[in-house]
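Next come two complexes, and both contain chain A; in the first it sits with chain B, in the second with chain C.
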Partner chain A sequence: MKRLFAVALGVLTAIGGFVDIGDLVTNAAVGSRFGLSLVWVVVVGVLGICVFAEMSGRVAAVSGRATFDLIRERLGPRVGLAALVGSMAVTFLTLTAEIGGVALALELASSVNYLLWVPVVGVLVWVVLWRVRFAVLENAFGLAGLALIVFAVAVWKLGPDWGALTAEATHPAVPATEDTTTYWFYAVALFGAAMTPYEVFFFSSGGVEEKWGADSLRTMRANVFVGFPLGGLLSVAIAAAAAIVLRPQGIEVSSLGQVALPVLAALGKVGLVLVLIGFFAATFGAACETGLSVGYSVAQYFGWQWGKFVEPLRAARFHTVVLLSCVAGVGILLTTVDPILVTEYSVVFSALALPLTYLPILVVANDRTYLGQHVNGRLANLLGTAYLVVVVVASAAAIPLMILTGAGQ
Partner chain B sequence: MTSGGRGVTARRRAGAALITTAMLLLAGCGADPGAVYRDSAVKALEGSLSEARTAELAGRLWVTGRSTHSFAVVVVGESDTGVGADAAWFEQQQPPRRVDDAVRQQTTDALDGAASAVQSVRIALDRSDVPATRAALDELRSACSELETLAEAMS
Partner chain C sequence: MTRDTSPGRPIEAGTPLSLGLRLLDHQILGREQEMVGNVDDVALEDRDGRLVAVGLLRGPGAWAHRQPGALGRWGRAIWRRLDPREDPRPLVLPLDHVVAVGSAVHVDPWADSLLAGADGLELWLRRHVVGRIPGARGGDHPFGGDLPAVPQKETDLDLAPGAHLLSGLLGARVVRGDGSDAGRVVEVRAVQVTEMSSRVGPLLVTSVVHGPRRLGGELGYREDPRMGPLLLGSALRWWHRHDAETAWGDVRSVDWAASTVHLHERAGR
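What follows is the complex of A and B.
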């Protein structure tokens, strides 16, 4: 019974914790411009993050060691450093976007300008990372993030033409009002939003913190293969809501408020309360995860003591990195850079940097020295290699598409 | 790599850069400046339409009791800023020929009308004045129709 509860809790938090500011903004933007014609990318991205997270989680559970520790040992300090710099830069950009997202959610609830909320959020994130226990942090925000199911309820309540929506999702085509390069730019952005490296670092580092062993593999796989796809359904619901309400009116999403409008149209004030709770939980939870992930990656690479399960005094350098990341993220947002713009760039750069972290994990997951009998099987390698191709293509296309389309404008 | 190898690589890179520059220049030279200006007008009109319709939706949700005042104020305020930014961006574009002045005039009038209508909604909303917000929303609806018609005519 206890085990079942642990699995259920893990799955629920995986669903609630799947969506972050990148998913919210990108899915709504895509839905408002392309309808459901890019849903196939969400499917590809969710399967990709499942493959990536399963490998990374298995490595953590079997070896008991953290991702960057193994990457540096297995592939050498240079490759490790490249992976560290690439993933840390993207994770830091994502942290900045998430802090901005929390501030925007609070602005929508209070009408107090988001810039006044930014320092408050920065301090809150740091205090939570400093004081709150790992399990509380992971479960509380993951469960509160389930409030975003309100998007799926809104879609049902709006009573759309299900046949037309299904046809658009199953027969994807570039809409007449958009050009092909913009379509592909958003495909890469959506892929980057679904496959953010920090989710995998957080997941696998959390596994080390919670002392996973080989006997935890089943629970880990249930979280990944049930929780993440259900979280992906939330992404589709966000896109569908935007496609139903915003697209017919020619509204293109460029703010967090616009993302919420379809829910209000369907469910009124109750919907607004739930959607704001969902926004807050999703972005605050992701801010904590990205803040920790920056600290994890640096500390693991340099071999420092790290983790929430260690007394802060014993992991002083880890906590210093986390603190400095929060301060720097707040500093960037206080320059008045648009948090939504930061989000849009973070998902594109996430796609760009993905091979730097994906390939080393694939290599380590194939190494019997670390994984013994739990090394990648045929299916894992088939999917792993197929996704390596997808990840490399998306990475190579990200910047050219961004330049050609003016970041999708 | 040898120094000769580096020289070949450098020459290849320079050649590629030259070809790319030439292609970009040719692409730029081949474009009709009037069409490019009209494209800018359509872009500004569509951007403004998106913002104006957002304000209209947020405003209507508030007057029908489906949204909180705080939420509506923030969303309409952002739309107000967005419409203003679109109008300001278009004003910076140079009409290439005298005949394009008509495009500029029509577009500027439509953008200003939308900006003014969104401002009216924002002001009425800030005062929590429901009847005034309803009236401003009706004005905004017709401004949106004008933006839409003009954008369709120009594209």
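What follows is the complex of A and C.
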């Protein structure tokens, strides 16, 4: 019974924790411009993050080594440093975007300008990372993030033409109003939003924080293979809601408020309240995850003590990095840069930074001295190899597409 | 707590350990799994014409030494400037204090308190930054014992004069007796000098693997022919198909300054 509860809790937090500011903005933007013609990318991205997270979770559970530990070990200090700088920059950018997202959600709820909320949110995030226990942090925001299910309810309530939606999703084509390069740019952005590297840093380091062992593998797999796809379904619901309400009116998403519009239209004030709770929980939870992930990756590269399972004084360098990233994130937002813009760039750079973090995990998941009988099976290797190709192609295409399309304008 | 907390896999007697793959850049763990740094380099010594790995280097000095160009120079300059000692040198932990080598390198209690006490940056941040924030102590942490906050007096654990670094051997040019090029060193293998199960101790270098290509040599596909995924494994094994392993007995001399390994006439074919 207790085990069942643990599995259910894990799956629920995986669903609620799956969506972050990148998924919210990118899916709504794509839905309002391309309808459901890019849903296939969400499917590819969600399966990809499942494959990647399952491998790194398995390595963490069996050998106790988290992701960046392995990156340094297999790529050496030089290439490892390049991977560290790249993925830290992306994770930090994502942290900045999430803090901005929380502030924007608070602005929607309070009508107080988000810039006044930014320092408050920064302090709150840091306090949570400083003192709140890991399990509380992970579960509370994951469960509250389930409020985003209102997007699915809204889609159902709006009573769309299901046949047309399904046809668009299953027979993807570039809409007549958009050109092909823009379509592919958004495909890369959606892929990056689904396969953000920090999710894997956080997932595998969290496994070490929670002292997973080989007997945790089943629970871990349930989280990944049930929780993540259902979280991905939420992403699709956000896109569908935008496609139904915003696209006919020609509204292109450029603010968090517009992401919430379809729910307001379908469910009124109750819907709006739930959406705001969902926005807050999803972005705040992700701000905590990215903040920790910046610390995890630096500490693991250098071999420093890290983690919330020790008192902060014992991991002074780790907590200093976390503190500095919160301060710097707030600083960037206070330059009045648009948080939505930061989000859009962060998902594209995620796609760019992915290969150097993905490859070492795929390699070590095959190393028998670490994993013994738990090495990759045939299916894991088939998918792992296929995604290595996808990840490399997406990474190579990210910057050229961004330049060609002027970041999707 | 379900994870096997017993120290990592003991080295199997007689089986060579690949120093580049299994030791270098690995996490160092103390008695209670506390993280006390990374293996930033390995110290090697000449002993009667044989090359023996004697210690692990840990710290920013050793790390910066392995970074290229300006980054390495700046890294070392900053480290030297910030270190309170007159002539700072990276700390060398004798391999006698290494208990086991698995996915991490496990050290004995003496070594973990030594390593923790020599972490200048960590200690400084404890005293001046993190320790001053309310709530820095407490919580249910698993480690017992006192927390070092003041640097301990250095025992003499500097790199011995005449010692060499593994990072200087990896990547060194290999030249055959007839002067022809045999590529660069991609891996160094070693066995325990005295077979002990309780600790690792000095490791005697038995062979070097060298070949024309270094890229991908650290990924581990040379070790296990079954290691997948099939496509990646075959590609990397093909890429390294010209790699050759030469016994250390067939090495005539090592020119450390020019980072070149000279082989005997008959070897390296």
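As a convention for this text, the second predicted complex is superposed on the first by the 409 of 409 C-alpha atoms of A that agree within 3 Å, B and C clash if a C-alpha of one lies under 4 Å from a C-alpha of the other, contacts with A are read in each partner's own complex, and residues count from 1 in each chain.
To be clear about the criterion, a residue touches a chain if its C-beta (ideal position, glycine included) is under 8 Å from a C-beta of that chain, and two chains touch if they have at least 3 such contacts.
None of the values given here were measured: they were computed from a predicted structure.
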{"item": "Room on chain A for both chain B and chain C (clash or fit)", "value": "fit"}
{"item": "Touched partner set for A:272, first chain B, second chain C, both or neither", "value": "first"}
{"item": "Touching partner for A:336 - first (chain B), second (chain C), both, neither", "value": "neither"}
{"item": "Chain A as apex of chain B and chain C, Cα-centre angle in degrees (nearest 10)", "value": "130"}
{"item": "Partner chain(s) touched by A:249 [first = chain B, second = chain C, both, neither]", "value": "first"}
{"item": "Chain B versus chain C as contact partner of A:107, first or second or both or neither", "value": "first"}
{"item": "Touching partner for A:264 - first (chain B), second (chain C), both, neither", "value": "first"}
{"item": "Which superposed partner A:170 touches (first chain B, second chain C, both, neither)", "value": "neither"}
{"item": "Dominant contact partner of chain A by residue count, chain C or chain B", "value": "C"}
{"item": "Minimal inter-chain CA distance - chain C and chain B, angstrom", "value": "14"}
{"item": "Residues of chain A that touch chain C when the two form their complex", "value": "61, 63-65, 69, 72-78, 80-81, 130-131, 133, 211-216, 299-306, 309-314, 316-317, 319-320, 360, 362-363, 366-370, 375-376, 381-382, 384-385, 388"}
{"item": "Contact set on chain A toward chain B in their complex", "value": "107-111, 245, 249-252, 254-255, 257-258, 260-261, 264-265, 268-269, 272, 409"}
{"item": "Chain A-touching residues of chain C, taken from the complex the two chains share", "value": "1-4, 9, 22, 25-28, 33-38, 40, 58, 63, 66-68, 102-104, 121-122, 125-126, 129-131, 133, 135-139, 141-143, 147, 218-220, 223-224, 226-233"}
{"item": "Complex contact set, residues of chain B against chain A", "value": "43, 46-47, 49-50, 53-54, 57-58, 61, 65-71, 73-75, 78, 82, 148"}
